[in-house]
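The two complexes that follow have subunit A in common; it is paired with subunit B in the first and with subunit C in the second.
The block that comes next holds the complex of A and B.
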């Protein structure tokens, strides 16, 4: 029995280590030091100051989201209000309350609306990242010695659909800020996706921002990252808050003190 | 079985348990918000509203008299809804003018409609400021100017499909959209632009008044 007691102690410390490791994986955030950056949409001179913020290192997974739905049944498939999530909401889930659906638990949750994503983040004491925060975090290059060594390659592979579905979060590439899969896995909601207004006085909202379509000097059509920005911004303008789309998920953020 | 094997099996067993229980606990750095989240959309929704009712948005606003107002308080009455801000120099005066046109064309039925103008500018458009603005516009008691938090404003704008962005000079770039809500808070008509024709809005309202 004495040796068993020793084993026990050994086990407990092992488990402690193991769970520390586990807990650090999902919902883990990285602090990103703010700074000026040149947003895609503002033209070549406008610098935007992004304050320091925290962002989830990985997108929210199906397993994460299942927990949220269990704790907040108003966000289950059957109870959600259509004004907050369209009929495609969680359509890839077979069963909403059990973990037994055929979705991959560690794949990013998709088919979630902006309202659902926002509610999830608030439940976590977080919020959705703002557009400039997300873009700021996403522009960091992949860390070295990975299969993907450039954003261009990730994005061109993604757009040519060579990346398969149901990739797990944290499987594609990590950037130098420590965030995983900012490109190449899914599109992600941002808090102010509806901030893309047409022109400064809002007189004609049918007009799209000129920078988006007119190939302003800041754009280089040969640069795949700018092409990706183009597609990303155009995609965002097409969204409505209750849209639930097959390739659209999210991660959460927090304001840094 | 050897003792080592048993111990190893046990380790894997407990590890597997740990994996499952980890998912039950929530593993974020922050504890999930408890019961009383300030989110306007987290709380139990009113049950008998249609799924597409804007009034599922919960949360309390303040009107120009400093009174607490919830969206659901407008249920039962047709509403003309728009978003604006009072320091707006060009677009919003025209927007307000357009809505006054609608009110005028409603003639003797105008008191059966509520005109709700929600401000984008949560910092400057305090209830006091909105009161001054309402007075300067010379509008009646069926006009409601609302002040809310940044996140309330964001949620409402997303529900209504109104885009906006705060600019560095404190102004807002925004869509100019007027919406007509039925008695349940469902959007039955919307009109984009400025100096628009009042008739389509009036006719949408008239249908609701019969």
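The block that comes next holds the complex of A and C.
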């Protein structure tokens, strides 16, 4: 029953893939020199040393991801295992309805699970950025407007729904490290998204939300006024590895020598 | 507060007497001694309503399973005229939808976080006995649902809210509502029930600044809201959207305060609360003017609408009401009841400068004195004193008047053209536009409660001293005019 539609889908996909390849400049990375930084959530030591790392300058796009799926059909919509990606996986991919504007080639891919994102990065010889790496890269100010306020402005505009959906990657702002759109476009997976609030292997339900409700949330934070960070950490806490969400995508990273 | 379960625990152990006193933790329970939860029969889906409406009570004789489906939606809506805000809502509305269950019911709660939403959310219902009020059980990412169940053990009116970090931001963006746990037999009948919830909004722009406004964390930390509103927006339930009841009907308001910061001094202008269930609990008091509703708290008030008119529901921290939006209205329609309230019977102007009692309108005072005949000198002397007492404050020294405000009396063409010699002005007052010596005035002079004798003296003074052609007026002429124009 499904096979006819599936074949069609792949034919169209492949055509589209080649056209996408022509102008896609995916996977470009920037090297970020490591250093100490003060993480938002208090740990055993206040300062955290982040080693130098490479990170994609832009989030992975729909076009990028289609190449990955073409090469790895086990990650296609129809073949993916539910334990690795929930029902919402790539739910915005509906080639029959292409042109409705919901599926732009250069828009960041969303509705991808942690497992899928990590598999994509591995396919490229990379990995997902660690939480501290991502936060380290994301705190850099916009090149165009190097005031602390400017980053807050982008975040608050995003939170208050001023920014449109379906921005293309690389369209919002580039920061002083050379990374684009760390805020304002999508939420992004990190390798250890559950490391802050889950203990051990993350199966202990008792401990899971401890840090982020009412009282304890403010006690664990280094800066109680940094609500943007609160929101990011709360968001990560709400995730599970197979979740595929409409506003959640990713970019890849690599350890630097 | 009634509690269904009574937990027995040893309070004292007196070794020698081997006596154990057992005490119930709740002596007021109407189900005293029962430590078994009531049986649940059947299942209903809860009807949820947006403010100011309240769902009907659950129609079932025994306790039942109540399924609540609540969807979290982030959406841009009106905060005030020309002002929009990205609200985070329970059920697409602020305040969140009203939930109504009964004491002893089993509530199966389904919380849905819409896939288009950007943020994780959860719910903490103050009506829940259990960790976090459901918060831990319900933290969900956009596009996910969570389910948990609880027994509604305690009667009362409870706030629910989002408790995801940063909690203040989630509440400040509109994530609160009310859940009523009523007695199994229901609340006493009234003609109308309404749902009103106060809350504040902290925006980057000042009150009324147009456009899509952002949440301002600093103002929230400083507890300096630009908007304090009833039912989620300025004017949500005023004017055309006011709640409407009839004269003689009884009203019950389920009141909540979502905060996040302010405490509400809830007051109805033009009404006295016959009954207030303090803080939404079981204890009530009577005959209350203003009741305090804590942030994250509630109250139930009841009153009967005796007379027609508009009741203004306000936070009596009154700048919030008149400058930040904290007003809702109930329109009471029907027949006047003058035994209770007359409306304006009489309007008088109180001018401490004048000794005569003054009135606005045609109503005239009766002549109260004799009508003696006096000489010009007598009248001028008396008239000077009367002018100083009654006229000087407005018409000024030497009848100069105040340009544009109070007309001059000195050589007044307006006065000289009248054939009543000014008697009618003093007795009836004067209002509306007039032209005096080429200048127009539009003001009110009240009728003066002066005797005929005094009117004769003051007018004689005005004719002579203020250069209006002279003459001597006698009290009998004033009386004559009064009788003719009665």
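As a convention for this text, the second predicted complex is superposed on the first by the 187 of 257 C-alpha atoms of A that agree within 3 Å, B and C clash if a C-alpha of one lies under 4 Å from a C-alpha of the other, contacts with A are read in each partner's own complex, and residues count from 1 in each chain.
Operating definition for what follows: contacts are C-beta pairs under 8 Å (C-beta built on N, C-alpha and C of every residue); 3 or more make two chains touch, one makes a residue touch a chain.
None of these values were measured; they are calculated from a predicted model.
Judged by the touch definition given at the top, the superposed model places A:156 against subunit C, while subunit B stays out of reach.
Of the two partner chains placed around the shared chain by superposition, subunit B is the only one that A:81 touches, whereas subunit C remains out of contact. Contacts of A:27 after superposition: subunit B is touched, whereas subunit C is not reached.
When the two complexes are superposed, the chain touching more residues of subunit A, out of subunit B and subunit C, is B.
Shared-chain residue A:125: touches subunit B; no touch with subunit C. In the overlay built on the shared chain, the residue A:72 is in contact with subunit B alone; subunit C does not reach it.
Legend: residue contacts after superposition of the two complexes on their common chain; A:114 is shown touching subunit B, with no touch to subunit C. The residues of subunit A lying in touch with subunit B in their complex are 7, 11, 14-15, 18-19, 22-23, 25-29, 63, 66-67, 71-72, 74, 81-84, 99, 114-115, 118-119, 122-126, 191-192, 194-206, 240-241, 254.
Those residues of subunit A whose C-beta lies close enough to touch subunit C in the complex are 88, 156-162, 187, 208-209, 211-214, 217, 225, 227, 230-231, 233-235, 237-239, 243-248.
Across the interface of their complex, subunit A is touched by residues 7, 10-11, 14-15, 18-19, 22-24, 26-33, 37, 39, 41-42, 44-45, 51-54, 56, 90-91, 154-155, 157-159, 161-165, 167, 171-177, 192-194 of subunit B. The part of subunit C that touches subunit A in the complex is made up of residues 74, 76, 85-86, 115-120, 122, 124, 132, 135-136, 139-144, 163-169, 204, 212-215, 217-218, 221.
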